[in-house]
Each structure stands twice: as C-alpha cells, then as structure tokens.
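Shared between the two complexes below is subunit A, which has subunit B as its partner in the first and subunit C in the second.
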Partner chain A sequence: MKLELGKLTIRDIRFSEESKISEGILYVSKEDLRRVALTEEKIKSADFDIARPGESVRITPVKDVVEPRVKTEGPGGIFPGFIAGVDTVGSGKTLALKGMAVVTTGPIVNFQEGVIDMSGPGADYTPFSKLLNLCVICEPVDNCEKHQYESALRMAGLKIASFVAGLGKDIAPEETETFETPDLLTGMKAFPELPRVAYVQMLQSQGLLHDTYVYGVDAKKILPTVLYPTESMDGAILSGNCVSACDKNPTYIHENNPIVEDLFKQHGKTINFVAHVITNENVFLADKERSSNQTAKLCKMLGLDAVIISEEGFGNPDTDLIMNCKKIEAEGIKTVIVTDEYAGRDGKSQSLADADKAADALVTAGNANQLVRLPKLDKVIGTMDYISKIAGSSDKALQSDGSIEVEIQVITGATSEVGFHTLSAR
Partner chain B sequence: MSKLRVVHYINQFFAQIGGEEKADYPIELREGTPVGPGLAFTQAFGEDAEIVGTIICGDSYFNENIEETTKKVVEMVKGLKPDVVIFGPAFNAGRYGFACGTCAAAVHDELELPVVTGMYPENPGVDTAKDKAYVVVTKNSAADMRHAVKVMAPLALKLARHEHVGASCEEGYINQGIRVNFFEKKRGSERAVEMLLKKIAGKPYETEYPMPSFDRVEPMPAVKDLAHAKIALVTSGGICPKGNPDHIESSNATKFGEYSIEGVTDLTEETFETAHGGYDPSYANEDPDRVLPVDIMRDLEKEGVIGKLHELFYTTVGNGTAVASAKKYGAEIGKRLLSAGVNAVILTST
Partner chain C sequence: MKELTILTNNPSLKESLTQKYPYLRCGIEYRDVNFLKLLELVRDEVHKGARILTHPLDGSVKPMETPYKSILVEKSDPGLDLNSLDLIENAIMSCRKFHFDERELQPRVIKDFQIIDRTLMESAIDTSGLY
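== the complex of A and B ==
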C-alpha cells in the first residue's frame, strides 16, 4: 500500500468573511465554522478563537487536537467510519495542513481534559504550543449527558478539521512524502536480509469515555488486528478519550504517529517495517489475557524479529503492557516498550503498576507526577473554572499571584507514550 | 559577591601523608589552603567558591572508630559553615568510599547541607550515601581524577546555590532510584527505534527505566465462617461523603479518608460521591453503591450470610497515585482494621 502525503504549511490563521486558504494563510469565517459545529444536535453554541505560538494564552479544558487532512486521490476519506464511509484508507494521495491544529475545548468530565500553554514553561511541555491552534469552544444543550457531549465535541472537531482541510483540496502541496508498505510476500522477497519489524500500538479502551475508535469501531470491541502503517495517516484511528491529558493520544498524534514515521525512516535500510498491529486495553482480566494472547499470536504469524510496543494511559494498562511484552518476548521476538512514569512528586516511587524482567528495553516519556509552576497568562481560551479539578491538579493549585502549581499530568501531550515529545526521565 | 564556602574530606593517601602504612592516621582539620585533590577543585571553582577547610582521616582509623569519627566530621563541618561539602572522590577504594558515604549521609542528615562525593559504581560505599549524597560516577582508579573533578565541581556549585539539579544522565551521578525529568535531544519514538536496532543487532543498549523488583502479595486463605465474620469495605474508587470533606485529590491522592456508614443502608446521590478523576463519574455519582457496595453488604448482613459490616469504611483515589503512597495508606488502614477486630476486607477499585 502506497500513500503520498502532501504537506501544505499554514503560516497564519485569520478570521474573515470568506473561508479560504491563500498564500499559506488560512482565512476562516466564524459563521461557516459555526454552521459546521451546529450540525451536531447536542451542541447549543459554538465559538472560535486562535492561539499562536509565543502568545500569552492558555487553552483549557482541552479535549482533542486534530490535524486537518483531506484525501485528494484514491479510495476513501479521512476519518473513516465518522466523516467518510468505511473504505480502507492509507493509499492514494492525502493533503495535510501542517503547522496548525483544530483544538476542541469543553469541560466534559472536568478531570480529564488538559491544558495547552502557548508560552512560558508550560509551552515547553506540550508539543502543541508550537502550532497555530484554531480553538473550538462548544457549549452543550441543556441536560446533555457526558457521553453525548463527548461524542458531539469529538464530531465537531473532526468536522471542522475536515472543513478546513477541504479549503486546501485544490492547492498543490509544497512537499510530498511517500510511504509504501508492500504486502507480506513481496516485502519478504524485497528485503530478505532485513529484520522484520512491526509496531504494536495499544489503544486506550478502558471504557467510560476512555475510548479510541478504529474505522468507527470502539476499540474495546476489537480483537487485535493488523493495519498497513499508512492507514492511521488517513485518520483510521482517532481519539474519543477523556483521560489524563499528558499521555493520551489526541487524534493529531494518531495521524502523525511518530513511531510509524520513525520506523518508515528505517524501512528498506536497516529493517523491513512489516505492519502496524493494534490492540486494546480493556479492564477485565479475560479481555487482557485474550488481547495479549492474540497480539503475540499475530506477531508470530507475521514472522517478526522485533517490535516496538507503545502504551496509552497508565496504571491499569501497565498490566496490558507487561503482558504484551512478556508474551511477545516468549515467542522469541525482541521488544522495546514506550511508556511514561508515575513515580510520585518526589520521583521516589515505583514508576509502573506492573513489571517483568522481559521488559529490559524501555523508553520513558518522563514522570507525569512532576510538579511545575505555570505563570498566569494574559488570556484564557475556554475557562479556568476546572483548573483545580483536572487530574494532576489539586485544590491547592491556584497560587495567590495567579500562577498554578500542578503536575505535568495536566498538560496535553507532555508525556506522550508514542514518543511524540522529547521529555524523559532517569 | 563573596565566594561560596566548601569543605573537603579526603583520606591519608590523597593528603600525601602515606599509603596503607599510614592508614591509622587520626582525623585532622586543616583550615585554609586546599590539600591534594582540593587544588584541582579550587582551580575548577575559579572565582565562584573556595575550600575553607580540609578534613583528613586515615581509612583504617575511620573504619575502626566509625561512630566517634563521623560525629567529629559533623562537628568540624558545622564549625566551618560551608555551603556544600565534597567527599573524595574515592574511586574504587572500599574503606575510603565507606568513610565518604557514611560521613556524607551524616552531614546531610544532621546539618541539612548538600553533599557530593565520587565513586566507582561498584564501590560498597555507594550504598551508604543512598538518597542523601550525589555520588558522581568515576572510573575505578585515581587516574580518573581530572574527569571526576570536572563533573563534581559544577555539581557542587549548583547544590551550593540551590539550583535545579538535572537527571542522573545529564549531571553524571549514580541514579539511586529518584526519577528526574529532563528533555532529551531526540524524541521518544526515535530513541525507541535506535534502541530496537541495537537490541536486534545484539549490541549493548541502556534501558531508560530498569524494572523494579515487584512486590507481590500472597492472598490470605479464605474466610471459613462468614456468618460470624466482621467485614470491612475499602476502596480506591474515591467514594466519599458528598462534598469530599477531606479534599482527597482526583489523582495522585496524598491521603485516604475514614468515614462512618453506621446505620447507612444505601449510598445515594444526595449523600455520597466519588473524588476519582480517572473515569467518567456519572454512574458512580448516580449510585455510589456501584463502587462501594454498602446496599448489598447490608442485605447479606440481614440474611445472616456475613456477621457484620464494619461501621467505618476507608477510601482513597487510585488514579496516578504513587505506589509508595498506596503502600503507606494500605499499611495504616490494615492496622486500624486489625485493631477494630475486622476479619476480612472487600477491596473495590474502579
């Protein structure tokens, strides 16, 4: 399967009467955006704002971050199962608007939304402070239940991203990158000497709004399966998550999965990047056993030599991570696992909730419990009403000078367990 | 600005008094002029700091008079009012390392001063300074002095100024279990791919988090006589009286709560709620019995299946909560349950 990913860098976003992309500037009409958002019947009102890198702006409570992409050639559409039909994606041509994102905000579960600071020390911890962020602030209708609000806000984000990307559909990309994965047999013949490597991605599926979707299917309900690595670039996997902000994968990270990208860089040179295996993180023991058994089985079936396994979330899914690692290693397949740590504010506690000697190659995205003081910023997009409730904060967070002292857990993407960011710990 | 004050501890060998034959050299304080490796430190400090005193002690003398000599070292250091104290470096010298580590720990504990030493990772002295001194990694012989000083001197200055100390791999000290965040040059995915390539090729690589030895608890034997047993409910699901009176945090809880359910037959939306920040609380708040099953336990009590439901329940939030905290709460809750004559506990999570 071959995907040509075209990139068009957006250099600024401006509100305007007419929605268009011209000379790298995205002009959007609030009316157009509102019309798109209000197609979600559970949304009462929608407002929009723009946050630029370096501005004294805090966005909170952040739900999701989405990169606008549009299919320009080939089967299917971006976000299959939600925005497009369920054709298999990952081939043909796709256009991505780089340097920007659509950020949805709203207090769905209070605890489980995040913070993006566009400047100051908080900005160093989130990869999204480097983007031009088109922020979507949605109020739900009265008596809207949390899961309905989540669904509406998720869909509004995807729809607005798709609308914005559609404005660039006829513009030639500035740069095109080609990703190609041959079928198993062809790959084996093409790279007989290279070690066979796959990416095993664990998707957050603990339920009660800890949900990830694959082609529209709730990942709780999947058996582990195999994708071509380009499928996620077309939005085949997306976030419906309300869970600690630092280590959930927003949709943006699924579209730009760095492990997929970095394995592609080695593909055909030092490794044969065979497949993208996805599995889930359900809460029942039988589900954990079944999914890790099936994952190890798939790895064996694919004739792999090695895999990178990434976790999403922490605590309960640590057991899935260790099961996957142990069982895949037991098949004689080498593993590297990517996770983050909850070592306590003093860094002295055990970092994971489960451990095994098979996990002898681990990449860490840092200790999520570490405290950071974030100064008061001039402008808040969204509301600070929930800042003391977000997981990683406390009722002592707000200081008399208006700054907040919180764990980096509250910061969206701070300890990305797919290694999207550079934070680490020793 | 005046220079920062440094006290330096060395053995008889590095004080150029003599080798093994002089190892019984008793403890001595030389104020002023630096001695032995102190010269190299002085040079490295430049205008920023000065060694105001050097404590010299024979290795055998220390090891034969540990308590008394340690006390003397603390007194001598106290009198000199330093900003930081440097011990050694001791490289792979076992008795010297032990002296450095022991005294460093004592100075840290009693004077609350920052301390730095340097040792070869296998030096038995490393353990004595655990969690207290920064032990810079050195090679196994004094030939590594230049490098050791180059790492120890700036670290000592940082400590003296109370500046942020980075992760062990950045600063060059031995990691003794305290995790410190820092920004790597390469993103995590790239590091993972590099580590995988090394592992595939059978080349050495360094994991970023060595697995801890995991504490597994053997389950107790089953309760034989439930009908006369007193059962308690304990939860990490965050159920607490409405309004969360003790402000248990939604994540990384710093406390547990003890609350009465005497006379309570059913937890309702009006009286109880969850403080937990790790799941959608709608269903737990609608009927807190879903997490803390008081209603069912009262039924079982009435039916005579169990003897009695304990009148207190214990609760905390098991969301991103440090294992060390959870262990502490567990031990304390266990103690209280034992003294209340509880026979068995139902632990509920979420």
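== the complex of A and C ==
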C-alpha cells in the first residue's frame, strides 16, 4: 500500500467573510464554522478563536487536537467510519495542512481535560504550542449527557478539520512524502536480510469517555488486528478520550504517529517495517488476557523479529503493556516498550504499576508527576474554572500571583507515549 | 457455587447499575471507606479465596485522585489466587506512592468521579456478558 502525503504549510489563520486558503493563509468565516459545528444536534452554541505560537494564551480544558487532512486521490476519505464511509484508507494521495490544528475545548469531565500554553514554560511541555490553533469552543444543549457531549464535540472537531482541509483540496502541496508498505510476501522477498519489525500500538479503550475508534468501531470491541501503517495517516484511528491529558493520544498524534514515521524512515535500510498491529486496553482482566494473547499470536504469524510497543495512559494499562511484552517475548520476538512514568513528584517511586523481567528495553517519555509552575497568561481560551480539578492539579494549584503549580500531567501531550513531545533525554 | 460481587465505595453505583442492567448477574456491596481501604478490603477477600476480575487501578486517574473505586471479584474459589494477590498488592503499592493534598471536592466533581468509576464498571459488565 502506497500513500503520497502532500504537505501545505499554513502560515497564519485569520477570521474573514469568506473561507479560503490563499498564499499559505487560512481565512475562515466564523459563520461557516458555526454552521458546520451546529450540524451536531447536541451542540447549542459554538464559538471560535485563534491561538498563535508565542502569544500569552492558555487553552483549557482541551478535549482533542486534530490536523486537517483531505484525500485528493484514491479510495476512501479521512476519518473513515465517522466523516467518510468505511473504505480502506492509506493509499492514493492525501493533503495535510501543516503548522496548524483544530483544538476542541469544553468541560466534559471536570478532571480529565488538558492545558495548552502558547508561551512561557508550559509551552515547552506541549508540542501543540508550536502550531496555529483554530480553537472550537462548544456549549452543549441543556441536560446533555457527558458521553453525548463528548461525541458531539469530537464530531464537531472532525467536521471542522475536514471542512478546513477541503479548502486546500485543489492547492498543490509544497512537498510530498511517499510511504509504502509492500504485502507480506513481496516484503519478505525484497528484504530477506533485514529484521522484520512491527509496531504494536495499544489504544485506550476502558469505557465511555476512555475510548479510541478504529474505522468507526469502538476499540474495546475489537480483537487485535493488523493495519498498513499508512492507514492511521488517513485518520483510521481517532481519539474519543477524555483522559489524563499528558499521555492520551489526541487525533493529531494518531495522524502523525512518530513511531510509524520513524519506522518508515528505517524501512528498507536497517529494518523491514512489516505492519502496524493495534490492540486495546480494557478493564476486564479476561479481555486483557485475550487481547495480549491475540497480539502475541499476530506477531508470531507475521514472522517478526522485533516489535515496538507503545502504551496509552497509565495505571491498569500498565498491566496490558507488560502482558503484551511478556507474551510477545515468549514467542522469541524482541520488544522495546514506550511508556511514561508516574514516579511521584520526587521521581523516586516505582514508575509503572506492573513489571516483568521480559521488559528489559524501555523508552520513557518522562515523569508525569513532575511539578511545573505556569505563570498567569493574558488570555484564556475556554475557561479556568476547572484548572484545579484537572488530573495532576489540586486545590492548592492556583497561587496568589495568578500562576499555577501543577504536575505536567495537566499539559496536553507532555509525556506522549508515542514520543510526540518535547521532553527528551538526549 | 461461584458468587460474583462488585465491591465498591461509590455510593451511586448500585442504583445506576441496577437501573441500567435489571438482570445483572452479580451482587453489589457498598462499603463506606476511602479508596485505599477499599483496596485493602479486596485484598482481605483475596486472602479468603476470591479472584479479582477487573483491574484494581483506573485507566487514567491516579489512585486516590478519585475517591471512588469499584472492583468485580469472584468469591468462593478454593485456595489463594496468586495473580489476584499480586495485582492487589501492586495496586496498593501504587496507591501509597502518590502525593495528595487534602481537598474538598465540589459536588459536580464528585459526580464526575462517580460517573467515571461507573463507566469503567459498565465497560467490564458489557464485555463480560453479566447482564
């Protein structure tokens, strides 16, 4: 499967009477955006704002971050199962609007949304401070259940991202990157001497408000399965999460998964990047056993030599992570796990809730309990009403000078467990 | 005879689950204790022969950051289930390592924590076919 990913860099976003992209500037009409958002019947009102890198702006509570993409050639459409039909995606041509994102905000669950600071020390902890953010602020209708609000806001974000991307459909990309994965047999013949490597991605799926979707299917209901790695670039996997902000994968990260991209860079050189295996993280222990058994089975079937396993979230998913690692290693396949740590504020406690001697190669994405002081910023997009309630914050977070002292857990993408962030040990 | 029971300190769990699943095939035992104490009560049950069926830690909320926890166990299995013991001891250890300021929770936050605890349990009930 071959995907040509065209990239068009957006250099500024401006509100305007007419929606269009011209000379790298995205002009959007609030009326157009509102019309798109209000197609969701559970949304009462929608407002929009723009946050630019370096501005004294804090966006909170952040629900999702989405990169606008549109298919320009080939089967299917972006976000299959939600925005497009269910044709298999990942081939043909896709255009991505780089340098920007659609950010949805709204207080769905008081304690499980994130913060994006566009300047100051907080900006260093989130990759999304480097983007032009088109913020979507939606109020739900009265008596809207939380899961309905989550669904409506998720859909509004996806629809607005698709609307914006559509404005660039006929513009030639500035650069194009090609990603290709051969079928198993061709790949085996083409690279007989290279180690066969796959990416095992664990998807947060513990229940309502902890969900990830694959082609429109709630991931907790899937058996582990195999994707071509380009499928996620077309939005085959997307976030329905209202979980801890630092290490959930917003939709943007699924579209731009750095593990997928890095494995592609090595494909045909040092490794044969065979497949993208996805599995879930459920609550019921029998589900954990079943999914990890199936994941290990698929890895064996694919004739792999090594896998990279990424976790999403923490706590009980640590158990899934270790089960996957242990069972895949037991098949004679080497593993490297990617996770973050909850090692306490002093960093001295055990980092994961589970462990095994098979897990002897690990990449850490940082300690989510690390304390950081974020200064008061001039403008808030969304509301600060919930800042002391977000996981990683506390009633004592708000200081007399208006700054907040919080764990980096509150910052969207701070300890991304696929390595999409600015924390590094290098 | 195996007996399935949800041990919980979430005061709204029983009412909401019995409303949603009128034919739920497990008991719900409410205990008015804090998060850590609930884990310790589950550990007591494990020592009496219970097997843990749902993970004692949440998916994204630190233990004790939420006051609520519900855990499904299967009672009256003979003998000590070492996996369950390992799981609950690890959870108790995880729980003790985190720093928490004493705080008064606002009613709307309390409600959210109760909902999240409930939805995690509903997810387990849905996949296990206990309804």
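Side notes on the structure shown:
The working rule: the second predicted complex is superposed on the first by the 422 of 426 C-alpha atoms of A that agree within 3 Å, B and C clash if a C-alpha of one lies under 4 Å from a C-alpha of the other, contacts with A are read in each partner's own complex, and residues count from 1 in each chain.
The rule is simple: contacts are C-beta pairs under 8 Å (C-beta built on N, C-alpha and C of every residue); 3 or more make two chains touch, one makes a residue touch a chain.
Quantities reported herein were computed from a predicted structural model and do not represent experimental measurements.
Model built by superposing both complexes on subunit A: subunit B and subunit C clash.
Shared-chain residue A:A286: touches subunit C; no touch with subunit B.
Looking at the shared chain after the overlay, A:H210 reaches both subunit B and subunit C. Contact with subunit B, but none with subunit C, is seen for A:F420 once the two complexes are overlaid on the shared chain.
Once the two complexes are overlaid on the shared chain, A:Y342 sits against subunit B and subunit C alike. When the shared chain is aligned, subunit B comes close enough to touch A:P195, but subunit C does not.
By the touch criterion defined above, A:T319 reaches subunit C but does not reach subunit B.
With both structures placed on the common chain, the touch criterion links A:K334 to subunit B but leaves subunit C unconnected.
Using the contact criterion defined above for the overlaid structures, shared-chain residue A:A353 touches subunit B and also reaches subunit C. Considering which of subunit B and subunit C touches more of subunit A, the answer is B. In the superposition on chain A, A:V141 contacts neither subunit B nor subunit C.
Taken together, the two complexes place residues 109-112, 146-147, 206, 208-210, 243-244, 314-315, 342, 344-345, 349-350, 353-354, 369, 389, 391, 394-395 of subunit A in contact with subunit B and also with subunit C. Those residues of subunit B lying in contact with subunit A across their complex are 131, 167-170, 175, 177-193, 195-197, 199-200, 205, 207-209, 211-214, 247, 249-252, 254, 276-283, 318-325. By the touch rule above, subunit A contacts subunit B in their complex via residues 109-112, 124, 145-147, 195, 197, 206, 208-210, 242-244, 258-259, 261-263, 265-266, 270-271, 305-306, 308, 314-315, 334, 336, 338, 341-357, 359-370, 389-395, 407-409, 416-426. The residues of subunit A lying in touch with subunit C in their complex are 109-112, 146-147, 204, 206-210, 220-221, 241, 243-244, 247-248, 281-288, 313-319, 342, 344-345, 349-350, 353-354, 369, 389, 391, 394-396.
Taken together, the subunit C residues at the contact with subunit A in this complex read 52-63, 65-66, 72, 87, 90-91, 93-94, 97-101, 103-104, 106, 108-109, 112-113, 115-116, 119-124, 127-128.
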